[in-house]
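Next up, some structures in structure tokens.
Two complexes come next, and they have one chain in common, chain A, joined by chain B in the first and chain C in the second.
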Partner chain A sequence: MAKIFIYPGTSLILSDLVARFGHTPLGAAMAIRERVQTAGFESPPLQITPEEPKKGLKYAAVEVPSGVRGRMALYGPMIDDADAAIIVNEADLSFGCMGCARTNELLVFLVKKRGIPVLELMYPRTDEEGIAFVKRIRDFLENLGRKE
Partner chain B sequence: MKEYIPVAKGTVTKYVFIESVSMTPGDLAIRAYEISQGAMIKETCFGLQVTGTADEVDRIVGALRALDPDHIFVKDRGFPPGDPRRCRADRGGARPGFHGHEFEMSLIRHVSAGLEHIREGKDSEKTEPAPAALPPEDRDKKLDASRLKKIIEALES
Partner chain C sequence: MTGKVRIAQLSCGPEYSGVQKEIEDAAGSVDAEIFFPDISLKEIKKSFAEFGLDVRSPDLKLAIARAKALVEGRIEADAVFIATCFRCAEAAIVRNELRHYIASNSKLPVVSYSFTERTTSGTLLTRMEALTTIARRRALLARERQEGLTMGIDSGSATTKAVVMRENEIIGTGWLPTTGVIDSAEKVIELALAQAGVNRGDIQAVGTTGYGRFLVGDHVGADLIQEELTVNSKGAVFLADTQHGPATVIDIGGMDNKAISVMDGIPGTFTMGGICAGASGRFLEMTSKRLGVDITELGPLAMKGMARQVPMNSYCIVFGTQSLVNALAAGSSPEDVAAAACHSVAEQVFEQQLQEVDIKEPVLMVGGTSLIQGLVHAMGELLQTEIVVPPYSQYIGAVGSALLSSGFLKER
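Up next, the complex of A and B:
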């Protein structure tokens, strides 16, 4: 079972398909859950404490806004931990919890820089594209299993 | 600074989304209540949220997914249900993350089509035969209502 970093980290489709094909999706929910369930000082809404931007310094320079470094404290360790990544290249979903465009660019850059297997896709807009989308993810994940 | 005491510590919450012509979130909730052994089940407009220990949640989610595997989708959630930092009852407006789910749910029928395709073992087929290319006995078959609905939806989108 491999750990697959998914981008967008909040994606329902990617999270489901990765788990369905027998691997562990690494998305935003796990990092948030870890913080929300850890006792300490109150730092609403996501329990991102002043310590997080410091941890983010491993991934982004000190002059980068603290919001980016705070987000990187969540996503960075997951990228370090990932065996592979699936990226959906479409900006429509990249708002809300995934709303920081600079963080998103940095995430994709760091994933590619790590040199792990990466599958890049677009969201399906027709049934035919949906068939190809699911098949490509399945084949990618099956091939990972063979390599291991 | 104020002390932070987490709620529902040590639990896991998973969303169960359903986009099916044969089941509703209500049907799913009834089944979840039947098999739940202490997990919290919350019915929503799109499906359910299941909260409990990791093993119990996985067991419930696995059983629910088996009801309609190509049309039930599961995702982890960071916050427990009803958390005032996320619940729209306390905030007004859409829950953060709703728009992302709404966007993906508009495309999820295409993913279901892909999952059906794989489950039916059509992997090796390169293209679907056009209706005119089907043998006469297949052409005389009545059109399935769920297939008709899909055709209508495909034309409307």
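Up next, the complex of A and C:
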């Protein structure tokens, strides 16, 4: 079972697909849940404190806006931890989104820089494309299993 | 190297900010020239796609493609200057990634800068000078041993220091607060000569560094007048006996801070910051004054306190002082306030500057502030490493100058 970083990180469909094919999805839900469920924080709605943008400094310099660094504090450790990644480009907003174009650029770059297996797909716009989309994800994840 | 040092510029926006001439003037003043690496449209598309950072601004795409051409040796340069607009998030990401990419894949010295329309050639001068020194004087910077009888003078913004060295040993030192640049230099020279027991005429070579380096250098007829980035790196690795392999040098100065990533005694990437005095030695000086202790007592005092007991954020020296006064008025102990001030300065340097250089051990802290034990302790905690403070760390610039000037050794 491999740890798969999913992009967009908030995509429940992508997260579900990865889990269905027997791997562990690394996405926003886990990081957010961890924070929301941690007792003692008083920083609604996401329970992210000013410490997060500081932690994000590992991934982006101080001149990069705090919102990008705060997001990187959530996603950066997942990229470090991932065995592979699935990137869906130009996804519809309803499919999932990171909320920030600059974070998107940096995340995809850092995933590629790690040199792990990456499946890069365009978001499907028709039924046929949708079927092919799921098939490619299935093949990628099955192959990962075989390699292991 | 003879002739001009060729500095490749990778940038977005300086022409439209009205600062391109300032960049060129800064380079010109240290006998260097700025050039833009020429690449074809096809190369831009290919290199940009290969690099993998999918930015939207075409000028940043061009900068990425140019960086690849430099690293892959398709275009030759002696050094690289990366410059983008202050406050542009996309550019900040690119600047950071290009700096890492060039530093880890080539031997080109690289410096980056985020400019505003107010950037002047004077602001850029020390950075350009360091870039050209690394490119032009590699042989000089490779010097590991001081020879003969030489003197180094560091004319800093807060203090002036002089050191006399003979055959790799420090035999005389002088240290005084800077008042008049030449006056202070004269006095520390006398102190160092007296301690060394030598006459000025016996000195075979002199080097100067620091803000007053040109003025003092002209006054004493220096053989070497050199900015503090390269000189301090050299002095630090010499005194810490880490001349080979990697090291990181941190110098929290009276007016600005330097963080330098060094390999074999030669700086690779460096940052020089400190627009706000809150992150400098000046804030600690003010803290000690407010606490009614000498600056030399601040460090031991801070070691007895708990930084977390006092909320202090010295992002700005005015607000920092306000926190300090409030904390004392609320009954905080001087020990806790001293510790909080040290922690605040260390935290700012950590957040603002140390993220821009690759921290590699050993981490050396130098300059007068390295004697403030509480500051070194706070920095060590933030970096999760043991910080090395070499002997004579407050004389680092003067030692580096004395060491390097022995490359110009002559009988007088």
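The criterion applied here is as follows: the second predicted complex is superposed on the first by the 141 of 148 C-alpha atoms of A that agree within 3 Å, B and C clash if a C-alpha of one lies under 4 Å from a C-alpha of the other, contacts with A are read in each partner's own complex, and residues count from 1 in each chain.
Basically, a contact is a pair of C-beta atoms (placed from the backbone, for glycine too) under 8 Å apart; a residue touches a chain by one contact, two chains touch by 3 or more.
Model, not experiment: these values are computed from the prediction.
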Touching partner for A:Gly115 - first (chain B), second (chain C), both, neither: neither
Between chain B and chain C, more extensive residue contact with chain A: B
First, second, both or neither for A:Ala101, with chain B first and chain C second: second
Partner chain(s) touched by A:Ala60 [first = chain B, second = chain C, both, neither]: second
Contact set on chain A toward chain C in their complex: 54, 57-58, 60-65, 68, 101-102, 105-106, 108-109, 112-113
Interface residues, chain B side, partner chain A - complex: 1-6, 8-13, 15, 17, 73-80, 83, 85-86, 96-101, 103-105, 107-115, 117-118, 123, 150, 154
Residues of chain A touching chain B in the complex: 8, 10-13, 15-17, 19, 25, 27-33, 35-47, 92-93, 95-98, 123-127, 129-135, 138
Complex contacts: residues of chain C adjacent to chain A: 52-56, 86-87, 89-90, 92-93, 95-97, 114, 351-352, 355-356
